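Dropping a structure here in structure tokens format, bear with me for questions.
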Amino acid sequence: MKVDLLDTLRHQNPIVFNISNFVTVQDVANGLNALGASPIMSEEVAEAEEMVGLSSAVCLNLGAFTQTQVEQIRKVGEVANQQHKPLVIDPVAVGAVAYRKMIANNLLTHFHPDVIRGNAGEIAALADVDWQAKGIDAGEGTGDLVAIAQACAQKLKCVVILSGPTDVITDGTRVVKVMNGTPLFQVHVGSGDMLSSIVAAFCAVEADYFEAAQTACLVFAAIGERVAQATPNLGAGSFSVQLMDGLQLTTTAQINAIAAYQ
Amino acid sequence: MKVDLLDTLRHQNPIVFNISNFVTVQDVANGLNALGASPIMSEEVAEAEEMVGLSSAVCLNLGAFTQTQVEQIRKVGEVANQQHKPLVIDPVAVGAVAYRKMIANNLLTHFHPDVIRGNAGEIAALADVDWQAKGIDAGEGTGDLVAIAQACAQKLKCVVILSGPTDVITDGTRVVKVMNGTPLFQVHVGSGDMLSSIVAAFCAVEADYFEAAQTACLVFAAIGERVAQATPNLGAGSFSVQLMDGLQLTTTAQINAIAAYQ
Amino acid sequence: MKVDLLDTLRHQNPIVFNISNFVTVQDVANGLNALGASPIMSEEVAEAEEMVGLSSAVCLNLGAFTQTQVEQIRKVGEVANQQHKPLVIDPVAVGAVAYRKMIANNLLTHFHPDVIRGNAGEIAALADVDWQAKGIDAGEGTGDLVAIAQACAQKLKCVVILSGPTDVITDGTRVVKVMNGTPLFQVHVGSGDMLSSIVAAFCAVEADYFEAAQTACLVFAAIGERVAQATPNLGAGSFSVQLMDGLQLTTTAQINAIAAYQ
């Protein structure tokens, strides 16, 4: 686990190009900015090549799903592959909505992601493992989360992050679990989207995406945990503000002090 | 007034499908989440049937008004009716913009809302009562708010919420007024949109929509009032954060303690 | 410098029509509202004439850039000119993305802005001055910021605001510099977009746009500076909340007390 990557990220200030979920786009941009990366966004396919060219990593959030946006997502994914820029995918709600799973599976025939970040229901859907998903949230099944994540990673030949109370990160063989976090992440709508873009930011500064992915998870989870523990009975609104502060102000030493992973 | 519905809502955690105003979509999602419901959003008409099928209630915000979105709104409204899911409409700015009134009136020939939530100018416009509206805000006319709300409810055969410093809730005959609230709601852009979606969340757990609507108004207004009174000279930014905390943490007992309605 | 314009603005509560960047639209709406203006937004070209007609000023943010939105922006700009409503342009990322510069230059053949607000890279691009820009942020070149701003203002025959640690405001001849501010503006994604819309709000209440522009810059920068100084080691999330509070609660006397311009 290379927590020092956070210092590298803050030093290099990499540009991360996001095709974002329209629900959470501002939070994602502010989160990347607070952490030390530079977010750029676009909805226009005509500038796809140029935006990818400017960027050190790309994050495609599949919660932005009009047919026009699907065209843009496909083009951006293809260009990211061509330009050898790290590509992170967030398959929002593919576990709950058959239409989204169909679109996601089709997109995955056009480009190859380096990292996929989703909850249990989403990762299971991509791995074609049976799982109950409810809305955009993970269901409460009994499957083996590690086995699901590994199945997805092996099938799609990429790093997979199955995030939840415990994050499971795997390249299909090796597995790391991050146990930091707080239930408040689930009350804040943009948490998953933000993590996906932060994973892209770490991939911009670390060519080993398995290392980048696990570090991103630990950094994000530990910062959330510190914020939640600092104030008793913290509410969802205050958490989202203080999470943003934490992304900016938390040091690697503070993260290392509470890091819980194996 | 069934304030205990808030506990039911928190226990059932209903999925509410929102076609949202692009300005306030994140706040609406976070507000529903904080209160105890599960928001889902979509901009793609192709997944309309599936998204409605997943949901226990639907809220259509008519502030999201490209022609493509109008098609989606019409389809979602029709499907909600077909699937007998409670349907809440927020007719943003129909009192100020003739184009929006025309579109809204056309949409209302395609589906039947169970509840309409708007300010005085918006409800008057739908009722075809003369009223001065300014921008998206209610004007300062002299009409009888109760009469306007009843006219709209009778014309459209649904429950109407005319919200403002006093909320008027009516099914066309019966009338309840909620006197809780704070002027800070008017400084926070997403307040009305958030209330509309919260009304939908209550309709998901109470089949009597007149009861659901009045309870939603009381819960939202009372939580805002408590938040505003807790801090002297509270600013608009802090209010929006603390409102989110309040939606999550306020108990039915705390709401009952200050409830003001008749 | 007419700081009292802030009181005029709060008294008149002008309606400002914004074609907004989808990333920051909610922050912009809340910021205008907090300051004392009335924001309205639209994505539909069919209501362009009516929305401009309702408004006292128009702000076009060129970070919202699908081809459909370009059509809408062009129409709204043309209508603003026809109706003699003050028109403010925010040319997001034209310094970094050639596609955006091409589109912006084309749009500027269809309508005439009264004020342009951008960072050094963006203003240099519109002035056709060489400058290094990175992402959406200004690069760190060595050009003379005043000369760049003047060149842009003379070329496009309008008031130009080149904003940064020092804001340069010029009508091509006269120059005012505003030295207030805080580095936290750069950590908060919506700062520039918010300033542009606030400039429009001041243009709604002051027909001398050079005066309106410089006052808007001073008011915004001074409020940010006061907020940042009030709390040691303020984080990005808390800054955005307290900036909103400051926009609402800061008095002209408090601004005058720290105003730094020449």
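Order as written gives the chain letters A, B and C; numbering starts at 1 within each chain.
Here is the rule we go by: contacts are C-beta pairs under 8 Å (C-beta built on N, C-alpha and C of every residue); 3 or more make two chains touch, one makes a residue touch a chain.
Everything numeric here is computed off the predicted structure, so don't read it as measured data.
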Examine which chains touch each other and state the graph shape they make (line, ring, star, complete, other). complete
Chain A turns onto chain B (C-alpha superposition, degrees, nearest 5) by 120
Per the C-alpha means, the centres of chain B and chain C lie apart by a whole-Å value of 32
Residues touching two or more other chains, restricted to chain B: which are they? 22, 25-26, 240-241
Chain C contacts chain A in the complex at 22-27, 63-67, 69, 93, 96-100, 134-137, 187-190, 233, 235-238, 240-241
Applying the document's contact rule, which stretches of chain B touch chain A when the two form their complex? 15, 20, 22, 25-26, 29-30, 33-34, 38-44, 46-47, 50-51, 54, 68, 240-249
